[in-house]
Amino acid sequence: MTHAAANHPVLDPVFAPPFPQAALPVLRNPQLRKNVAHAIDVIQAKRAKLVAEKTDWKELRSAASAIRAHALENLGAYLEEFETRCTAAGGTVHWAADAAEARQIILDILRQENASDVIKIKTMTSAEIQLNPFLQAAGVNVFETDLAEIILQLGEEEPSHIVVPALHINRSQVREIFARRMGLKDLSDDPHALTAAARAYLRQKFLTIPTAISGANFLIAETGGVAVVESEGNGRMCLTLPRTMITLAGIEKVLPRFKDLEVMLQVLARSATGERMNPYNSLWTGVSHGDGPQRFHVVLLDNGRSSILSKPTERQTLKCIRCAACMNSCPVYRQTGGHAYGSVYPGPIGAILTPQLMQMHHAQSLPFASSLCGACYEVCPVKINIPEVLLELRSQVVNQERKDLARFFDPMYLGLRIANLLFAKAWLFHSAQFLGRIGIGFFTRKDGWIHALPSVGGKWTQTRDLRGFPKQTFHEWWASRGPAPGPALSKEAR
Amino acid sequence: MRASLFITCYNDTLFPETGRAVVSLLEKLGVQLDFNPKQTCCGQMHANSGFRGEAFSQAKRLVRLYSDTETIVIPSSSCVAMIRDQYPGLIDELGNDSLRKDFAALLPRIYELSEFLIDRLGVEDVGAYFPHRVTYHASCHGVRALHLGDRPYRLLAKVRGLDLATLPNVDRCCGFGGTFSVKNAEVSSAMLAVKLHDVVSTGAEYCTALDNSCLMHLGGAMHRQYAGMKTIHLAEILASTEASPAEAAR
Amino acid sequence: MSATISAPGQSRQRILDRIRLATQSVAQSAPQLAETCEALPRAYIRHGALPSQARIALMIERLREYDAEVVESTPAALPSVIAAQLAASGKHIFVVPPALPAEWLAKGFDWKIDNNLTTAEIELAEGVVTAASCGVADSGTIVLHHSPAESRRVLTLLPDWHLCILRASQVVETLPEYFDRCQQQPTLATTISGPSATADIEMTRIKGVHGPRFLHVILVRDEI
């Protein structure tokens, strides 16, 4: 689907509308919701089947979680080890404190290479730092090579999922984009035809553009190696054919040992695409004479990660291996898709990662974009307790906001403050119940139900009725029945 | 066997019939039940809304209230989850040693209703009679926080006359999520619509669960949409007999 | 956040300092680090339990699930099985890595041996024949370490048809066993689990986006 400029989702957390607002256009779009639900149902079913088949799934999760936690706790040592070994193998390692620096480092390398064109493997990290528009503005043509990324690039769309970024787009929408942008008037909407069109479109680019940019799924400290996990083969193209390779990786991507891949690859493939193993994994170390790029750069990106690292509860956010199992299992994401989160990282992981990358200055609605059902934690291959982090971030947002005097009279803030006072003393609570019963009586219809409430209550009664307050609370009933009766008396008491 | 009932703030105010059913059920099973009239709230609403300090003061109050109590039964899996999952962090961070000690002693004495019946009393057949087609919704806290497993099903299986209809996507969240239902009302309603569709598709007369929070949300939509179905807490089904059917007790 | 570039090394120090500060209560010193890493829980399945026949059968089954064509061969029959595969392909021009055994280069085909072939030359090939380093039965995965008999990476990437000769003795059941076998960690490795695929359009798995659409495997029964 092509959005008119006005409807173009803003995936910059600095400017994106709050989640409840951003979700509205999606909730009103049955086609989009259907696309999302279909896609995640397919992946979920495949994942469930393979997890059921894997008798050591629990143990794999435990190991994956432990390895990632250990790597984060010792991140400095492992990053330095990676740097040493990668450099010894002919790579050049750069360190970028923030997005702007990372962009500039990459542009500087491209200028050194006189590169006016660049082919890219999908990397959410590059979307995080908004690399493409920056390079385009500097006169570099950026060609995405993942099928989903091409769809998004040509369709001027934004990603809505971190593994299947175009899942909100169906085949006829893809056909429309390709026909228009590739000039293929007779293109059918059969996925095979669409894929063949993409293959042909990209072939020449792979063979002729000498500079590539990738992300990294894992950085191996022990060997200085980099691992890229993919399905289509465009990764292999970009990693093998060009002369110069630039890999952008968040500092949290490091694994201590080569052998750790035996755990991570098993859990990643099953979690991300519901396969025992994804079609291609590429591992390379620095520069290999006679094989592949002879100039290799790694750009290590902080951009807020070291800050997340410093917080004991939040640190687990960085264990993420970008499998997207959390968003596939999320009943909220299922309804809203990814764009509502206003970030290239949507879903449950986005709800905790995005605000933290923003140092809690933006995206404060995201920690509340969850019913805390826990489905994400259940499927996370590295056991990130997302609900726990959501709750922690909620309290941080509230602590920030409650200082603001304007919030004092916000119905939610005021209501919760008052409720807390009422809960402190039984007689206050009971009085409130009594008064509440009277008050709500005004809104209660003859059938004993409430159909409309003012203010915050109106949010409930938009779509739901509320049963009227019973005439007697439980505690009043208990007090009224006297001493505890035997079984015979219980009947009468009712 | 003695036990103390923590009714929960919202059951006390909105669903006293669930409390009455718990009392009738447990007393029938020989439990000497008491009720501390000073109880108010476990603090979940505040904790989940980000009001940690407030949640802590309620947690502290609850712990102190029950420090001498042998066994506490709570007909709400989300409140039990609050105590098990969030109290440790709150009390560790904001409490003192004495409170930590009291809480540590209290924790193993807290039971959600189905846990109490099956694990403490060792009963599955409580002598219930409820001749209706019923579908069971597995609340998120019950499934993922308390790991209740098949306890509710084992209890339902022994209810005479009850025709249990399997709910598709049984453990998919209904969309209530506490204040989420108003802060993200539209998304909550979208989730509710999906859940209601599944519930109605079972052809059941009643939808039951271990949490009135979910049931209030589902029941509210059912009533609004003339779904022809009602909600009922599992305790009320279990307390229902030929002589005293659940409907009459409401 | 302005686009100022710090002097080389300045950001590096800043980031490492931030990390050190962030993890000072949990980070380990060098000697402890290795020990702690060793002691991390690894209770997952390390070794398969399948006997050799079943392991090979599983490998073949999983390969076929990915639509790879698999035939078996004895070591003696290998050259003729290769020839038959090549003949059945309908293709004529093949690229091969320089250390591929000469007896595998069946007569009647146009063999381009990779002594630094250009990309354009590789593009003219219709297929590629290589050996392999390892096979993982559990996931039907073939691992290439890009040794002289396995080819530079580009060779198994550009042609549309890949014939891979995998020895039974190279097949393990589980992924951890592959890692166990790596005496030295490979500098380069590519794992192949079926032909390339995408599921980006409505989750329909489409084969062969980039990379060979046709994968043929000859499983050589070199174990007694």
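All chains are identified by letter, namely A, B and C, in their written order; residue positions are counted from 1 within each chain.
Everything that follows uses one rule, which is that contacts are C-beta pairs under 8 Å (C-beta built on N, C-alpha and C of every residue); 3 or more make two chains touch, one makes a residue touch a chain.
Just so it is clear, the model here is predicted, and its values are computed rather than measured.
Any chain touching chain A that also touches chain B would appear here, but none does. Centroid distances built from C-alpha atoms place C farthest away from chain B.
Between the Cα centres of chain A and chain B there is a gap of 31 Å. Here the CA centre of chain A is 30 Å from the CA centre of chain C. Rounded to whole angstrom, the centroid-to-centroid distance between chain B and chain C, based on C-alpha atoms, equals 53 Å.
Those residues of chain B that touch chain A in the shared complex are 7, 9, 11-20, 23-24, 27-28, 32-35, 37-41, 43, 45-52, 54, 57-58, 61, 86, 140-141, 143-145, 171-173, 175-192, 194, 216-217, 219-221, 223-224, 243-244, 248-249. Residue ranges of chain A in contact with chain B, taken from their complex: 19-20, 23-24, 27, 33, 331-332, 334-336, 367-375, 377-378, 391, 394-399, 412, 416-417, 419-420, 422-426, 429, 433, 436, 449, 451, 456-457, 459-460, 462-467, 469-470, 472-479, 484-487, 490-491, 493-494. The touching residues of chain C, counted against chain A in their complex, run 1-6, 11-12, 14-16, 18-23, 26-28, 30, 33, 36-37, 40-45, 62, 116, 119, 123, 136, 138-141, 146, 152-154, 157, 175-176, 178-179, 182, 185-204, 206, 208-211.
The residues of chain A lying in touch with chain C in their complex are 35, 38-39, 42-43, 55-56, 59-60, 62-63, 66-67, 70, 72-77, 79-80, 89, 95-101, 103-105, 108, 145-148, 151, 164-167, 170-171, 174, 191-192, 194-195, 198-199, 202-203, 206-207, 220, 222-223, 225, 231-234, 236-237, 239-241, 251, 256-259, 261-263, 265-266, 269, 273, 275-286, 288, 290-292, 300, 302, 306-307, 309-310.
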